[in-house]
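Please find the structures below.
Two complexes are shown next, each including chain A; its partner changes from chain B in the first to chain C in the second.
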Partner chain A sequence: MNVADRRRILGPLNAKPLQFASADGNLQDAHLQETQSGDETLYIQQGIVTNANGSAYLEIASPTKNDQHILLLASVYGPRPTRGTFSARAALSIQFKENTLEQFTAGEVKELCNFLASVFRAVINLNRYPKSGIDIFLNLIQYVGPSGTSSLEAIIPACINAIMLALIDAGIETLDTVSAGSYKGTVISFIRNGDEIVGFWADNDFDNNGSYAVTVDKCRRHYIQNRNAMLDYIVKTK
Partner chain B sequence: MALALKQQSECLYPGYMICPEFDVVEENGKECIIKYIPSLGVAKRPFSVDGKQINVLIATLVGNLSVKLQEDLESQDAEEKDESSENSVTADQSDDESKVHKVYIVSVKDEKHIGKSVRDDFTNNLPKEGDIVLARVTRISLQRANVEILAVENQRTPIDSGVGSNGSGEVAAGGGSGAATFSVSQVSSDLGETFKGIIRSQDVRATNRDKVKIMDSFKPGDIVRARILSLGDGSNYNLTTARNDLGVVFAKASNGAGGLMYAIDWETMVAPSTGNMELRKCAKPFE
Partner chain C sequence: MSLSVTEKSYLHDSLCLDPPARPDGRVAHQLRPIEIFTDFLPACNGSAKISASDGSECVVSVKAKVVERALEEELILVDVDVAGQRDDSPFVHSIASLLTKVLNQKIHQKNLRLTQKYAFKLFVDVLVLSSKSHPLSLISFAVYSALKATYLPKLISSDDDLEVAELPTFHDYDMVKLDVDPPLLFTTAVIGNNAVIDPAHSESEVACSGILVTWSKGKVTAPIRTIGLNDEYVTGIDVTLLEKSIELVEKTAPAVVKALDGL
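For the complex of A and B:
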């Protein structure tokens, strides 16, 4: 058994194993925040994707909605150069990916991306970034809907919040702090303190009995909760 | 001034209303109209107040407010520009414009980035007209030198510099935002996607411009300090080195095989190890 192991390159005889310094736990705590927004608990952390220009990680738990859980990560790359024809405004692309269980069909995902892109085209100050493109990636790490069901409307507000926080982290100019609220399968995205609507999403089972005014009002309330939670986080971590 | 008081303390966020575009203050018993110009991190948006449309400056970034008085000469220039560019100004607005006494530039600065930049202003990342940039020569021809822009002088680079916006970060299926026009052949070998530029032979130096030989001015791989002439077309910025302090700053001898060379005058560089001289359009290294 004195044959040297030729299959691998061995280190020198006096080599010592590598030892890493223990991570400083206190350092991270400054960026963590749990906010109670209405009946939801929100956990926010910005800037965890180091090679992205900006990123935000969101955990949302809603005990009142049959233990709904959402873990979501948004990362923003760019502005990066585009080729070909000259464009005075930035191009925007949004990609959505489910990292664990695939609960949504490709068609639903595409629809979601188009909806989010239209919301953020209205909000990002695209004129500041000529000849360039902004790429946004959403990773849905976990989603447990009420009683095992899955519906897009539950995650859209979370998607909008996550992208908004990632854009802020990236330092990309946005005309407002956009957020959204949902009520019975309808999602409405607001800006300007709820005075302007930039996105409207109604699921198939839209409650026809309820009036739009009630829906908009409920969504606006949810939007204000969401937005205040985000602003709270932004101002506190500054 | 009320605005100045806010300057230090409050943290602004996107959508925060800073001030109206025009304001009237009492100064030495005289009425003085103040105009606020949006700069970085600030945008001008119309708002309706009691059925009346007014322009309001809002923050578009998270950070602290910074308000600077514009120099008198510049302010007059800016006013003239404004008037010529905004054809749709209503009668009472243009009337306001003629009475303007003071012009302030409003911007939102992020403290987080102050340590990272040469100048302590938070600045936009994209090269724009008049900026000085550092670029690398990627190919040369008789008429022009193609370059890729590495950095904008005196501005912070994006966080993902060298990986995302300048490099090979995550790219969406189908190419993401650059999808329609993206082609692998245009991606440079080791820096990934970068903003490209062109230095035409007429723009290499200010004098004797017809006699310029690109071959005797740049070589592929040289690092060049250049000024942005215009945003150019879809794929290239137009750059110029026609100034004493612009030109090649770093170059390697023998087409990159040798060591770094030093400029000995504006058109010659020398390799200290061999003593060989090569022709370049050099940047003046000292002010």
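For the complex of A and C:
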């Protein structure tokens, strides 16, 4: 991956990237990682799409949630120059596609893309990339919901985590490591250690499953698990 | 009208004050004045036209069709057309999809039931003639008024047609008022440590985040979502501000419902 030619702010010509010593000596399986995050098993692999600037493949299995299974691939293209009028910040676009079984309607997919774009507009430091465009593509390879049902809120946390890992792989500057947690149909995406919300998606009433405060607290716990699993992977592989 | 960097910064700072100084002088829980006409399209079962003080206008028509209940999954279908936006743009699509979902969730199918076999299917067509701010809450007010002003043909044949093959027959003139309680969608904008309801265009431009809150049957219900109102000022918001937005809607919504029901 050639970093130098697509960065707008270039370092000195003889600059070399920082190299950290690996946390553990075993680098045989540097790009493969399986982490236990709470009740879920996560499998992460970065850099799987060779022609993208960054990509991440995510497998999530939750045996406690009736064998829910998600296979998701996120790829990031850019920042690449855009033609036409000057723009002071990068334009962000997110596309979502189901590769195998189409379980969501076109309208739901658009809602999801809109929501994810609003989350990442708040997180990516778009001011650093003027006159550029960042395109993110999500491919849902497989999704098996609890007892055959499909719901958008089950895949949103996975989408956010996958995009974040792909952005890290692409070396795009973000304000923080964003991740999301879900609790009974409510998905909350946090930054800054759970102090700030960047995305909120509730399709079920709170009344059925406790108050607002309880929901936020449960989501925050799930977020911290997810974020720690991601950071753990990054620290171990880089 | 786009604002300059200085204007935006001034607006942002004044909206961050306590209490927020809104450009049109409203208090945090005050909506813009709106004007609604109902029942003005003769070819529809129900219609409403809403205009807001900033010149935003929206027309909604409701048409009904008799369908077999077993064949239809959703009895309400919403189609949205926003002037100046492509029909296939994500913005228009997601508004239509959200409204269809919310209306089908909150309006009970038994209200549209005609006989054992048949039901009315409602086609709600939304046309946003001009809008500067996020049009969702304006659309939802118009849909609410249109559904409240909808009259459907009166059934004169028997409503138990499970055993007999009979098509429903209707009275020539008499209509029955549709008895439904549609949900309302409110948008709030979070700026600094403040939450304001029904953000105008200029407020949306500098908002840190937008929140969509649904009000149905006297309480705040799902869906509640964050929506991006602009590209420039969006940031993360404090956890308490989301609760503040919900409280703001709880404070304002009963009066809005009362005003819309008084039409």
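Criterion: the second predicted complex is superposed on the first by the 204 of 238 C-alpha atoms of A that agree within 3 Å, B and C clash if a C-alpha of one lies under 4 Å from a C-alpha of the other, contacts with A are read in each partner's own complex, and residues count from 1 in each chain.
FYI, a contact is a pair of C-beta atoms (placed from the backbone, for glycine too) under 8 Å apart; a residue touches a chain by one contact, two chains touch by 3 or more.
Just so it is clear, the structure is predicted and the values come from calculations on it, not from any experiment.
Colleague: Which of the two partners, first being chain B and second being chain C, lies in contact with A:238: first, second, both, or neither?
Modeller: Touch partner of A:238: chain B, not chain C.
Colleague: In the superposed arrangement, does A:191 touch chain B (first), chain C (second), both or neither?
Modeller: both
Colleague: Could you say whether A:135 touches chain B, chain C, both of them, or neither, answering first, second, both or neither?
Modeller: first
Colleague: Please name the chain, chain B or chain C, that touches the greater number of residues in chain A.
Modeller: Counting residues of chain A touched by each partner, the higher count goes to B.
Colleague: Which holds for A:16: it touches chain B only (first), chain C only (second), both, or neither?
Modeller: neither
Colleague: Contacts for A:54 in the overlay, against chain B (first) and chain C (second): which applies, first, second, both or neither?
Modeller: Touch status of A:54: first partner only.
Colleague: So which positions on chain A get touched by both chain B and chain C?
Modeller: After superposing on chain A, chain A residues 191-192 contact both chain B and chain C.
Colleague: Tell me, which parts of chain C touch chain A in their complex?
Modeller: Going through chain C, the ones touching chain A are 90-91, 93-94, 96-98, 100, 209, 211, 221-228, 231-232, 234-239, 242-243, 246.
Colleague: Hey, which residues of chain A end up touching chain C in the complex?
Modeller: Within the complex, chain A touches chain C at residues 89, 105-108, 110-111, 113-115, 117-119, 121-123, 126, 185, 190-192, 194-206, 212, 216.
Colleague: Which residues of chain B touch chain A once you look at their complex with the stated criterion?
Modeller: 11, 13-15, 41, 43, 45, 58, 60-62, 110-111, 113, 122, 124-126, 158-160, 163-166, 169-173, 176-183, 186, 193-196, 231-235
Colleague: With touch defined as at the start, can you tell me which chain A residues reach chain B in the complex?
Modeller: Within the complex, chain A touches chain B at residues 51-54, 75, 77-87, 90-93, 95, 125, 128-135, 137, 168, 170-171, 173-177, 191-192, 231, 234-235, 238.
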